[in-house]
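Sending over a structure as structure tokens; questions will come in a sec.
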Amino acid sequence: MSALLQVENARVRFRVCSTLQALFGGVSDPCIDAVRDASFSIDEGETFALVGESGSGKSTLALAVAGLLPAAEGSIRFEGAEVTTMDTAALKAYRRHIAFMWQNPVGSLSPRLSVGALITEPYRIHRVRERDLKAESARLLKMVGLPPEFAARYPHQLSGGQARRVGVARALALDPKLIIADEPTAGLDVSVQGEILNLLNRLRSDLGVCMFVITHNLNVVRHISDRTAIMYLGRFVEQGPTDDIFARPRHPYTLALLSANPEPDPDAVLERIELKGEIPSLRDRPAGCEFHTRCPFVGDACRQTFPPLHTVSAAHALTCHFPR
Amino acid sequence: MSSDVLTVTDLSVHYRTDHGALQALRHVNLDVPRGSIVGVVGESGCGKSTLIASIIRLLAGNAFIPNGRIEFESRNLLDLDEAAMRDLRGNRMSVVFQDPMSTLNPVLTIGRQMTDIQYRRNASRADKQRRAVEMLARVGISDPASRLGQFPHEFSGGMQQRISIAMALQAEPALLIADEPTTALDATLEVQIIHLLKDLQTNIGCSILFISHHLGVIAELCDYVVVMYAGEIVEEGTARDVFHRPAHPYTEKLLQCDPAGIAAKSRSLPTIPGEIPDLVELPAGCIFKNRCGYVMERCDNVVPAWTESAGTHFVSCHRTQT
Amino acid sequence: MLLYLIKRVTLGVVIVMLAVTLLFCMIHLVPGDPARILLGPRATPELIASMSARMGLDLPMPVQVLRFFANLLRGDLGMDIITNRPVTEIVFGQLPYTLWLIFTAIVFAALIGIPLGCYSALHRNTLADRITGVVSVACITAPAFVVALCSLLLFAVTLQWFPAVGAGTRGDVADQAVHLVLPAFAIGLSWIGYLARLVRASMLEVMGENHIRTARAYGLPERVVVYRYALKLAVLPTVTVIGVGMGFLLSAALFTEIVFARPGIGKLIYDSIVTRNYPVVMGSVLISTVLFVISTTVSDLVNAWLDPRIRTSL
Amino acid sequence: MIDVLRRVFGDPLGRIGLILVTLVTVGALFAAFIAPYDPIALNIRDRLQDPSAAHFLGTDQLGRDLFSRVLYGGQVALKVALITIGVALFIGVALGMVAGFGPRWLDNAIMLFFDTIRSFPTVMFALATVALVGPSLETVIAVIVVTTIPNYGRVARTQTLSIKSNEYIKAERAMGASTARMLSVHVLPNVMGPLMILASMDIPTVIALEAGLSFLGMGVKPPTPSWGSILNDGYTLIRNTPWPIVAGSIPLLMVTLGFTFLGESLRDLIDPKLRRTV
């Protein structure tokens, strides 16, 4: 099995206060772990989804994968090459093979460039001179279902859905091997969400590109990803094949997330799992199982010890004392 | 006294723009029965926010109301002067807004803001504070007395939304307007807020006008549902009617599109192609015709009438009228 | 909070030290011997040498800078080379005049400008707002020394309503107050306009924020919404602006003091520059720099005190 | 460009500004054709005259025609304003962008430099320099350049910082763009808008500063006409005649008002959001 991307025990730290402040304020550690012990791999042609709520560290992990944030520990390998130790030139070469789709569709487009210039920006950055930029922009626009006239428009003249498509077109420019999509449907109406998801699915089957999707919306995940990981407080709590996770979620947090997405039916029998309280601060991680402060099924063991890795199948694992 | 707390009749709201009048709301009819929860569903640009702003009469400066009545507890709000209107706000009707981070004043303490809005009560400061503490406890804020002295930014988003709800319900209003109160929150917090609202509604016995684009939440919380599209109400009925027997093609499509309703894994999700028409130069006929799958000849130039499809179920579509 | 204070004060000290060093460098990089310039072309070499020694100019520059700082720590800014009085005594003798002038000007400007800005914001796009807007802009741009000259010409020389020169008799408060009117007006006029525009803009911004909508949605009386909920936020930027504006205020004070022949630090700097009295120049520039640094620091602290969001993040 | 001018002209404030600025500029540029007299020719017989048909604004103590001196004085004012603002803008933007985009220590160092310069009250700094170097137009220009660099630098830095946090810059970085490309293609065009407006509103400040220095006798050398030196003459003669002060004040107020109205009007047209920051 050839993994395109292999992440092992990645840890990303952020400095939250200065050393001086830490010294004065009696804070023992001026850093927090935004991501901790994250391990996953994405195989050729696969779509991997990372699900979590705000502050779970999912976007941070994606930035670390792209080499945009340094990883404090662990390894991130792309086609066998270690990303964490790459120099500037190697990183630039690496970034030819990965492409980002950003959360904010309009905000991720430079406001003073036309759509045509925006989607051919990767060619200019990587000095790809053999291609005819005008023809390329028409080709890319066509791939994402926009008419070629759009090349002359500016970002503020685009609707949310159109800006998304431009973002996809730009991501496709250099025929990347991996597309990292951060909240691909955020801010879109449900009637437009489907269009973007369908587009991503189509590109995947047509081009065979790998995708790394980051989202808080489990409904999105179900329809586009092969494997899914759930993140809480910077750690993976459950990881496995998407179908398995939806058919039989094992971690209480996964359960709660799934039940928080009710179907539009007033008669649906609701077994909503309501979590207590709010996500704890990363500065002050709970002892034992980090989810125990909110878990409806909390037991004594959860307060004491960090839960062991529980393996359901070769591909499906979770960290919980009492898997469902 | 009618059985409805709020009755909106034939309400239109336009905005003056450089290109002409933008007709944000057109001939809207809406009832909120006493003690019920009415949900308003619609996507961006459907006129939800304008509807709320016109009910609480805090419309933008360039808005005007060419026709309509908004009857609240048997008085037409559009006839009231500013003082009378102000007397209703926060008293008989109150609002919970979408973004909890920005709805509270950042430089005043929670306690100050919660006692300020009790200015109508002829009570001592201590008494007002006691009332604030009591309300905070009711919305599930632990150790409320000591938190009165804190500023909004010292609370998390979910907590801020609880405080907003506490403020809104402090005067036990007859009508609570909730404008996408959970959109800015994470899913697990959304569940908490929905349950809180439902509990408080039963306890206090007020009516709620609940605005959301989240179909699942509306289905779970609301008794009646109103579907809006491009400034019009296209369908209205009990939650069961609307979600089980959608009569308008837009409702039908919207329900199909909601990924939460699609249990089977699908690589090709339903969508509603096309875009909302220009509200300055309205097309003739049905407003939804350019995106409708059942479009007929009549849709092109005849505006569909508002008709009863079954009992409490209303719709404006030519298809149901044949 | 304490840490922030320490940081600010350290930064202030560093800035003052850099500024003084810069001034030293300028004096020394400029061609020509200050002692020679001071004594004129007919001075004998011996006289120049002794003057140089007295001013410490014969020492290498870094030593001079260090000596200056060492003396500074003892509160000694050197001697006036003409009158031979301590510079500190001269500077601190003049400082109160300038401080009073600046203080009166800014209070006068705030008292008129802030309410004017509020009024404009609340009556947006009315005729009154437009007129206030145009007048404010016109006031902002009028250079202080031109206003000083024109008001001197009109109110003192032609109409003779106010005295033209000086700061009034010592001890006679009424006389001193009368002498303050025109200079304070000259400095404050542009600040009226500036504050009015600033308060109007920030008031409009605050009034558009969501929490004001919330306050209205609770039926709070408009008076409470404006003065308790909005104004407190809207005046925050003015505090910063006044703090940073100390530099402009001092510059304006210099012109006004010269035009009205008032004592003060600006006049002192001007006179000592004209007479090449370097120790006095150094001393007074140092003091005005310190004044500026203090005022920006204080305004930041006041801001933090007024705005709980900043207060807790410190 | 034509369109912008037309829109500025449509706004009453903008129209006044445009007219005032045009009047002063034309007067200065074509002073040689318009001025009825030589601005430095002495004519002791006609000294201290009140305004008349022969001398619109009267004459000074040396009998020089004040109207002619005012026209030529405009040349000095505009020259100083354009050169200083151009140079200061260029250096300020470069430093500001580097500070905003570069590493933390560089940012701190540049900011410290800005703060130090700013902490000298401008005029005192100018006076000190002029006193040391000797008065001349070049000195005035150099001093004003140095003191206004921090103004532009700080705004450029703030703008850069806010642009830097935008997702489109992150997107560029993720595509592997170099710092030079990000700065020149994506940051600079977005920084320049607000700065151009700020610069146009700084023109009157600079002109006033030059006039102020000349008023103190620290600017242009006599007999070169400058609005400031006209005012200086007027100040010494204040008890004899009001006209030199009037003659010096009118063009100064015209030009400051004109440029400010123009700047305000431009700013409202181009970027209403900027009201607060400038």
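Before moving on, here are some points about what is shown:
Chains: A, B, C and D, in written order; residue numbering restarts at 1 for each.
As a convention for this text, a residue touches a chain if its C-beta (ideal position, glycine included) is under 8 Å from a C-beta of that chain, and two chains touch if they have at least 3 such contacts.
Quick caveat: nothing in here was measured; it's all calculated off a predicted structure.
Among the remaining chains, those touching chain B and also chain D are A, C. Chain pairs A-D and A-B differ in how many C-beta pairs they share in contact, with the greater number at A-B.
In terms of their C-alpha centroids, the spacing between chain A and chain C amounts to 53 Å. Centre-to-centre separation of chain A and chain B, using mean CA positions: 32 Å. In terms of their C-alpha centroids, the spacing between chain C and chain D amounts to 21 Å. The set of chain D residues that touch two or more partner chains is empty. Among the residues of chain C, none is in touch with two or more other chains.
Residues of chain A that touch chain B in their complex: 53-54, 159, 189-195, 197-198, 201, 205, 216-217, 219-220, 222-224, 242-243, 256-257, 259-268, 270, 272, 274-275, 278-279, 294. Here chain C touches chain D in the complex through residues 11, 14-16, 18-19, 22-23, 26-27, 30, 134, 137-138, 140-143, 145-146, 149-150, 152-153, 157-158, 201-202, 205, 237, 244, 246-248, 250-251, 254-255, 258-259, 266, 269-270, 273-274, 276, 281, 284-285, 288-289, 292-293, going by the rule given at the top. Taken together, the chain A residues at the contact with chain D in this complex read 66, 68, 91-93, 95-96, 98-100, 102-104, 107-113, 121-122, 124-126, 170.
Chain B makes touch with chain A in their complex at residues 43-44, 156, 158-159, 186-192, 195, 213, 215-220, 222, 239-240, 243-244, 253-255, 257-263, 265-273, 275.
Taken together, the chain D residues at the contact with chain A in this complex read 166-168, 170-178, 181, 185-186, 189-190.
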